[in-house]
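A quick write-up on the structure given underneath.
Think of it as A, B, C and D in the order they're written, each chain with its own count starting at 1.
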């Protein structure tokens, strides 16, 4: 029994968490949004373990998405947006992979993807929306018909139907639910009872976690039960949805964790440069992912100076005056 | 040469559409600038919010992405994506969205997905994100564009976000009872849409820009009969933009 | 301009809020749940103003429901549960009104009603669920067909349909959305910027508020902007959904407000006794509702001793050791 | 005479169904007692939760309603109704619900709505609340009943909450792939349901209660061939119930 008897059976290392729960072909939802709270330590570990043929299901994603695609781990993608703010208006390895025909992909919107996860979390097979009527998101399918027969893939991209509750000609779109094999996410806090607390925006992390078969949470800190239970209004996810917990400080670097650290402009600019060039990108992966044995070793490469620069003001939540160019 | 940049003129031209009480949906880049400028200059009682769920942040520093931690501080609420989009479409609220796009057609439909064939694209962009959603659900959309023939096209390579669809009341018949394209704000002028045909027309050309130049840079015929010269930015507008909205010049 | 310039136009008295926004025939959703956070001050004021023919749309309700029905304000009801815990396993005036055929009513379940408000808040005409298949909630309609033609009433109680996203014989229930005219609720805090914060369980208050045309919030305190905006993760409702704000300390008495006060067992036992008898109930209304001009006067009748007894421990949220028999 | 009350025996008989890891949905009254007892005696790693959204509260004092502020303190999460019911139905979780009812039929379907005609009832009850929902969605339902002929009926006056519906696989064919009635715990014994026909049978009679008495008090035929005497409460079980679960005797 370890330091935290209540979650002893869930506390794993990165290697164990990925090794136990992520397989070739897994359908995975990633927590966070573009430059914030990407579960980077998990993404790096997935790359290191050489997982292949991942089916990613995403709303708007940035760094974790691009690393996983760039390292060749992804063969299939349902996505609303691949971008990293100013550092990559379109994610670079994502863009290249699609332009080169290296992955199968299908477009949805952010709201649609969020609602699909929500439907999955409720155990209902579909959910209606008005969003997307008339767009090519509906009219153009990305996946081939044979893929649609697979268990975790919707049998149709959308269904357009009449509202049965009034006489008018009122149309709605039905979105198929998503139930990914695994949801991976990074949180500020996990209580020693296994309760998860995210500060700041939660995006669709909760819907993703509750829709998935398995949930892996990395966190900045594991905090006492007495702390996490003192104001449960602030908590995000009850323990029974979580299958693996890994304590990984700076586990979202180079993306931001509100109240802990900002995104790292230097690293994102470095990434932007190398990602444009296949060879340079390979060298980057060798150096920053394959070449380190742990996230701790990765952070030593990032260096204290950079980590100090991005340290967030705990109230404002970001690094005041950080040079973000 | 004008004493202001394209981005400055665009941010202000778009900001002028905003009224007190509006809920303003902002994206990244110029859109972020325009929303912040609108609130600081034209409509202090407008509420700026982001699809990520940050509602009315204090914006002490300008965010560089809609998930920037700078949009989580001082908000009235940090919500989730579903709640944010339900605000965009809420019938009680007048929500105006600022979007960018790679292509626009004469009915204000937008493409932010792909140039070329969808499956084997020449250029792949980021994709819809929340653009398709706000175009479907908001009370009105204002789009930022570089005014070029290859961007103002007869037919989009991919219709990511519905504007007036095929014109007339075709948008309503799709099942989208409200909203539509309000304006396209470019580096040359401001385009609006005819009240019934919903076709794009030239509403304003910026000081120093000719109507002909705009016609030349538009890939379809536009009515220019209602065009007037836009008011240039005032010194005070420029001061606020430069000193308060983006002093680090991250977007300007 | 008053003390709170940001919400000056929304700050009303109870009389003004009810007088301006609640009409004969209004469809109303009530915040809270059985013995907690019932907007009692608003309910009493509705009774005092003699509003008639209210169409209530509820999940599980207790005291406010029973007062409004008992005082003859309600002619139509969609409801999942009328009860007040130990003090009335079935709400007494609710029970009598139905048994005597005095109101039109239709039964749904808690989840169904919550989902109907949620659908209304999203602007979608219906939402699917599995809950209720095979039950008489579906098979037996309460409302007559002519009512179903009215604008705020669903044209059908439910629709049972096939899931279009797989080949199997998989059925789902479609629930019609709700968009009440008015949602009334009681919160612990409203910020001077108009932001609402509820501590403890929120039930379906947020879904109700976002589905309604008009929202009236009573609160225990109006707190500084600097306080309510310091940790916005904890807030419940943005200002732009709220149309009227009334500061009414103890505005939920005799029901509980977590961290402020417990439910009042003495008053609820008194109510239980009088509600069983038509004459005694009339005397109760005369004394406690019609006979007082304001909630302040009502609280003076309740008395300091009772209010001290139910004072909540601010951390535990309830009155420790309170005699609840 | 037994040194324990009906409520005590019922709470313990039901609590014995709970295993570590179960998520236990508790209502008011005996159900609250049984859930708390289960966690304190049989399954310390079970999680007690309420449809109102209070998950795993510390329950320093026993709540008297599912919206009691006592279920908001010390929880791992204070959620909303929708989230609470999504937990009840979640496919990853083994959720057991404790319900009460006015009538039950031989397939474990429940009535908590009305006696007599729905529109002009003889007696109106509280209604479904969350009962219909958990009966539809949970992994299993355990119902508390007073064992009387008028409550164990051939045909319910109103079917509020689906058990095994019409028996056999009729529940699954409704579109409800999991769950169903696990047991009915009464003041006389414990009824269970046949593995394939889904008809109610007598599983346990309490010490001092005869099989005949149960048959007499049941309004339909029940198989008694598998009936055994239930284990009486142990002194330790009673001590925990009385001293720790409900020392104020609010429910006991």
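As a convention for this text, contacts are C-beta pairs under 8 Å (C-beta built on N, C-alpha and C of every residue); 3 or more make two chains touch, one makes a residue touch a chain.
Owing to the predicted nature of the structure, the values given are computational and were not obtained by experimental measurement.
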Practice item. Work out which chains are contact partners of both chain A and chain D. Key: C
Review point. Chains in contact with chain B and with chain C: which ones?
Key: A
Practice item. Please compute the C-alpha centroid of chain A, do the same for chain C, then give the distance between them in whole Å. Key: 38
Check your understanding: Whole-Å distance, chain A centre to chain B centre, using C-alpha means?
Key -> 28
Practice item. Report the inter-chain centroid distance for chain B and chain D in whole angstrom, where each centroid is the mean of the CA atoms. Key: 56
Check your understanding: Which parts of chain D, given as residue numbers and ranges, touch two or more other chains?
Key -> 72, 78, 82, 89, 137
Exercise for review: Send over the residues of chain A in touch with two or more other chains.
Suggested key: 122-123, 130, 170, 172, 200, 233, 315
Check your understanding: Should the pattern of chain-chain touching be classed as line, ring, star, complete or other?
Key -> other
Revision key, fill the gap. Those chain pairs meeting the touch criterion are A-B, A-C, A-D, B-C, C-D
Point to revise | chain D contact footprint on chain A (complex, rising order) | key: 121-123, 191, 193-195, 210, 213, 228-229, 232-233, 235-241
Check your understanding: Any idea which chain A residues touch chain B in the complex?
Key -> 32-36, 59-60, 62, 79-86, 89-91, 94-95, 98-99, 101, 107-112, 114-115, 118, 130-137, 139-140, 142, 169-172, 200-204, 206-207, 256, 258-259, 262-263, 312, 315-318, 320-321, 324-325
Check your understanding: Given the complex with chain A, which residues does chain D contribute to the contact?
Key -> 23, 47, 55-56, 58, 72, 74-78, 82, 86-87, 89-93, 137
Exercise for review: Show which residues of chain A lie in contact with chain C when the two form their complex.
Suggested key: 122-130, 154-156, 159, 161, 163-167, 170, 172, 174, 176-177, 199-200, 230, 233-234, 315
Practice item. Name, in rising order, each residue of chain D that touches chain C in their complex. Key: 28-29, 51-54, 60-61, 64-73, 78-82, 85, 89, 113, 118-133, 135-137, 158-162, 165, 171, 173-176, 248, 250
